[in-house]
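Across the two complexes that follow, subunit A remains constant while its partner is subunit B and subsequently subunit C.
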Partner chain A sequence: MIEDPYFGKYISCVSARSTDREILKKAQDGGIATTLMVFALEEGMIDGTIVAGEGDRPWEPEPIVAMTREDILKGRGTKYSISPQISWLKEATRSFGLDKVGVTGVCCQIQAVRKAQLYPINMRDVPGKVAFTVGLFCMENFPYKSLQSIVEDHAAQSLGSVKRMDITKGKFWVYTERGDVATLPLKATHKYEQPGCHVCLDYVSNLADISTGSVGSPDGWSTVFIRTKKGNEIWSKAVAAGMFETKPIEEVKPGLDLLRKIAKEKIDKNQKTIEERKTFGVNKALRNPYA
Partner chain B sequence: MGLLNSTNKTMGRKAKPAHVVMEKKMEATKEIKPVTNKIKIGHVHMSGCTGCLVSLADNSMGLIKILDDYADLVYCLTLADVRNIPEMDVALVEGSVCIQDKGSVEDIKETRKKSKIVVALGSCASYGNITRFSRGGQHNQPQHESFLPIGDIIDVDVYIPGCPPSPELIRNVAVMAYLLLEGDEDQKVLAGKYLKPLMDLAKRGTTGCFCDLMNDVINQGLCMGCGTCAASCPVRAITLEFGKPQGERDLCVKCGSCYGACPRSFFNLDVIPEFESISEIIAGALKEGESDD
Partner chain C sequence: MTKVIEISPATRLEGHSKLTLKVNDEGIVERGDWLSITPVRGIEKLAIGKTMEQVPKIASRVCGICPITHTLAGTEAMEASIGCEIPKDAKLLRVILHAANRVHSNALHNILILPDFYIPGTEKKFNLFAKEQPARSVMARIARIREIGQTIGSIAGGEAIHPSNPRIGGMYHNVSPRAKQKMADLAKEGLVLVHEHMEFMLDVIRNMQNREFVEVAGKQIPIPKTLGYHNQGVMATSSMYGSSSLDENPTWDVSRWKETRPWDWYMGELTVDLEDPNYPVGGTTKVGTKVNPQMEACTGVPTYDGQPVEVGPRARLSTFKNFDEKGTFAQHIARQMEYPGCFYTILKCLDDLNTSGKVLADHIPQGDGSMGWAANEAPRGTNIHLARVKDGKVLWFEMLVPTTWNFPTCSRALTGAPWQIAEMVVRAYDPCVSCATHMIVVNEEDRVVAQKLMQW
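Moving on to the complex of A and B:
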């Protein structure tokens, strides 16, 4: 077990890509999240999972409880807006009748799952029925109206025509169905960030069974942290079953150094925000959820 | 990690690095020799629906294990034949206090006097919950009109919010209360850390409402739209609109669950990241068929 101040606890870290072509066609990066959940479903390790599907408006995510491969595939691709994944956590064990629930989500959502497991306040059955969590790396998230401003006002594309969005190499990228690529500097997007993200102290989903993101690995590949016993078991089986190509993380560029640099940037910045909240008013502090 | 090792030790295991303990769990659990100093637990029934007690009992084999190895149930009008409130280590109080009912008021004061730790079990004891809506006028005591959470009458140490509180949270608090009272120094530290946020909730106040999310999470710039609040609401009063919670405030029964469950009400970084080992410890402590006799 490795313990790192910015990456949390993990058993191992690799660079990987799914071998499932259908998944890769619409996956954000290496299709890790979707492939893992499909594999866990097919192996009976989960009987359903919460994924971020498509909502009513273009690029507005909506959490769904997916119980088939087809539904899990609806989660492919990053939607850069808030998808309240945990709103379905208890319902998944009730209306959906799941005994082994999977959860995909960003860091704060995996934190929410762990809190619900250790302090299950009105969360009956949840502690024992969370079977597998795949967490995503996450720098920040955007309210839907923010995403609209970024894509429609700044990048001058209509949301309905967008095929893919990405945040990488210091830019926000918008790819349209017709082949346009619009970018804007991340600096222009900062003011639109969800405020609650500014007190977030986790970048690589430290509390997931397995966590994954793009930073650290080459385009089309993902960086993967295998963290818990359960995560390790599922990962080993999936690799043995040929679900993934893998490379040692030490051998890929840009590798863990870049990831550590970015993780440190986020966490240090947000620590500072939390510090500043203490003296926000005149003898009045803003609340600190970690105190 | 030292903390967790020694917790395993009280549960009868040798002190080993936590991951080794986990790997060798099957082997290790055979070594369990429960500590004999049981704590005294009581269930005090105020104005509640017995749902909290049912939740406690819903730990089924876990409850039997607790009663076998860690605690004696010294008072519980529903399950045990003891009339007067005895000395207790931990009093689990269900329900709010009807201030027009002299007996209830005396009982809750007596409970405070006789107990080391008073736990408000469930949302009625913690926040009033559904009993807040009472206007009296019911046979055969129509004058019984005003119900207060126990914290408005006595000092309360720990809250277990929920309507009903989940069996798993009751179980966790029971195990941690045991460690707090009977464990070694390290275990007391772990138990103290685990219980602290639930003790802070008890200090925070006696009203619970969707408004708590507005006042202390959303208005404070802390909400990140995870949706946990909606999942925890027993009456489905919360929906997420554009990624933020909206409460149907007329539906809200004032149970306080959403606030307690929200990861931005409290998130103790010295406890929750240890979820894997702590869950193992609790599961290990409650493993069936391992008792001494």
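Moving on to the complex of A and C:
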């Protein structure tokens, strides 16, 4: 067990890529989250999972309870907007009839799942039914209106024709079906972030069973932290079944150093915001969510 | 000479109630009053001016044992008032939820009554906390039956205690095919268990019925053959689910119902002049205590055709299935006989349920203020909610809950029983007192006893 101030506790860390062509076709990077959930479903370790599917408007995510491979594949690719995954957690154990629920989500959502398991207020019978959680690396998130402004106004592309979005190398990238590539500096997007993200002290989903994200690995690959016993069991079985190609994280570029740098950047910056909130207003303070 | 004895509070039933009894020299009850002394909830008053979506949710908070029936009756009363027909699949989900609730509630009631009964073939009463058999296997079976009931309820209703899924116009969600199968699997398992459990309970009850005496506080108390008999009628709207004013042939008639005050039905001021410090638990009320049932009772007294009536399993069975026994033991037997029916109903509904069918009405009217009622056959009897909804807001709301009907009826049924087993008579009604409190003493000096909380 390794303990790191920025990465949390984890058993091991690798760089990996899915071997499933169909998943990789639309995956953001290595297709780790999708492949893991499909594998866990097919092996009977979960009955279903909550993923960010497609909403009514283009690139608007909508959480769905996926109980087939087909449905899980709807969650491929990053959608840079808010998907309230946990809103389905209780219902998944109710009208969907699941006994072993998988959850994919960003850092704060995994925190919410763990909190619900510890203090199951309004979550009767739910704690024991969370079987597997996959957390994603997350810097910040945008409300749907923000995403519309960023893509339609700043990048000057129609959301309907966008085929992929990415945040990498200090820029926000928009790729369209017709081959256009628009970029804008991340600085321009900062004011659109949701304010809650500025007090979050978690970058790599410290509380998930397995957490994954692109930073630290080469293009098309993902960095994977295997954290818990359950995560390790599922990961070992998946690798043994040939679901993933893996490389030791020490051997890939840019590696954990970049990841640590970015994680430190987020956490230090947000720590500062939390400090500032202590003296906000006259003789008042804003709440510290970690206190 | 007639003496007055009081058992307060009555134990092993839901809520806070007491028995004030006039007994003769042999200890036989000549006139008994069983009354609720639970603080008034005031739900009817809270409901006024709220939206019709809110009120059934508030109404269900009146109690934690049958919140499902309050949600369903409340929701359907609103639907009856606004004239909203719900889709077939939504109705099926509601019936499943309702039947699941009855299973778990009846099993819970078994835990409350079994300590009154003897283990067949022995001179020992049940102690469900004992380490040895049969207590352990009986408790394990009851726990599993309740778990099954609650799990089915939480799938169909969103939550086993205060269901979130029912709403005005139907249900929020249909269930997935997997959830439907899970409910069917659980019902199949439950069906075997309840058959076994019903046989066991019937043995225990018949064994008790054939006994000459029962031991209470070290004394042998004779059991009269007519224990719990009364001459009031019975009232039931359906053998399983209920009825509403939207039905083609409603099985309840609002014009035959009259609400009266406890003032007219209960005894006036009395002084306790008999006590038994050995009576479980902690003895009866001390001699010299002043009691006043008329003033203390906080239930309304609903009458049907001018008389209090009995509601509950025996009423359902005698109305719809020609069950012809009377009294305390008949009520117990009727309750056990309802077990399998619940699971057969669930399985039948699951067969008919289309998991991709719609569960919400296309059009939900907002109401014009006309009166609608819905009756729901709760585990312990007919639960009727009445409402007037105008423009989506509730103008008037009233709950006629099962135990409210049973209070005056049960008081009559106490006559002729030895006072030591009066509580057994009460328990046979599976009372749930907390939702049966609807009156409040407004002004004691002017004797305004029972100002109605609700307004027309």
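In this text, the second predicted complex is superposed on the first by the 291 of 291 C-alpha atoms of A that agree within 3 Å, B and C clash if a C-alpha of one lies under 4 Å from a C-alpha of the other, contacts with A are read in each partner's own complex, and residues count from 1 in each chain.
Definition applied: contacts are C-beta pairs under 8 Å (C-beta built on N, C-alpha and C of every residue); 3 or more make two chains touch, one makes a residue touch a chain.
As the structure is a computational prediction, the values presented were derived from the model and not from experiment.
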{"item": "Three-chain arrangement built on subunit A, subunit B and subunit C clash or fit", "value": "clash"}
{"item": "Partner chain in contact with A:97 - subunit B first, subunit C second, else both or neither", "value": "second"}
{"item": "Which of subunit B and subunit C A:67 touches, first, second, both or neither", "value": "second"}
{"item": "First (subunit B), second (subunit C), both or neither touched by A:124", "value": "both"}
{"item": "Partner chain(s) touched by A:47 [first = subunit B, second = subunit C, both, neither]", "value": "second"}
{"item": "Subunit B versus subunit C as contact partner of A:148, first or second or both or neither", "value": "neither"}
{"item": "If touched residues of subunit A are counted for subunit B and for subunit C, the larger one", "value": "B"}
{"item": "Partner chain(s) touched by A:211 [first = subunit B, second = subunit C, both, neither]", "value": "neither"}
{"item": "Contacts of A:290 with subunit B and subunit C, given as first, second, both or neither", "value": "first"}
{"item": "Stretch in clash, subunit C with subunit B, out of 37-45, 145-153, 217-225 or 397-405", "value": "37-45"}
{"item": "Those residues of subunit A which subunit B touches in one complex and subunit C touches in the other", "value": "91, 124-125"}
{"item": "Sites on subunit A touched by subunit C in the complex", "value": "47-48, 65, 67, 91, 93-99, 124-125"}
{"item": "In the complex with subunit A, residue positions of subunit C that touch it", "value": "151, 154-156, 158-161, 165, 173-176, 178-183"}
{"item": "Footprint of subunit B on subunit A - complex, ascending", "value": "1, 8-9, 63, 81-91, 105, 108-109, 111-112, 114-128, 141, 143-145, 194-201, 206-207, 228-229, 286-287, 289-290"}
{"item": "In the complex, subunit B residues that touch subunit A", "value": "19, 22, 55, 161-169, 172, 194, 197-198, 216, 220-228, 230-234, 240, 242-244, 255, 257, 260-261, 263-269, 271-273, 275-276, 278-279"}
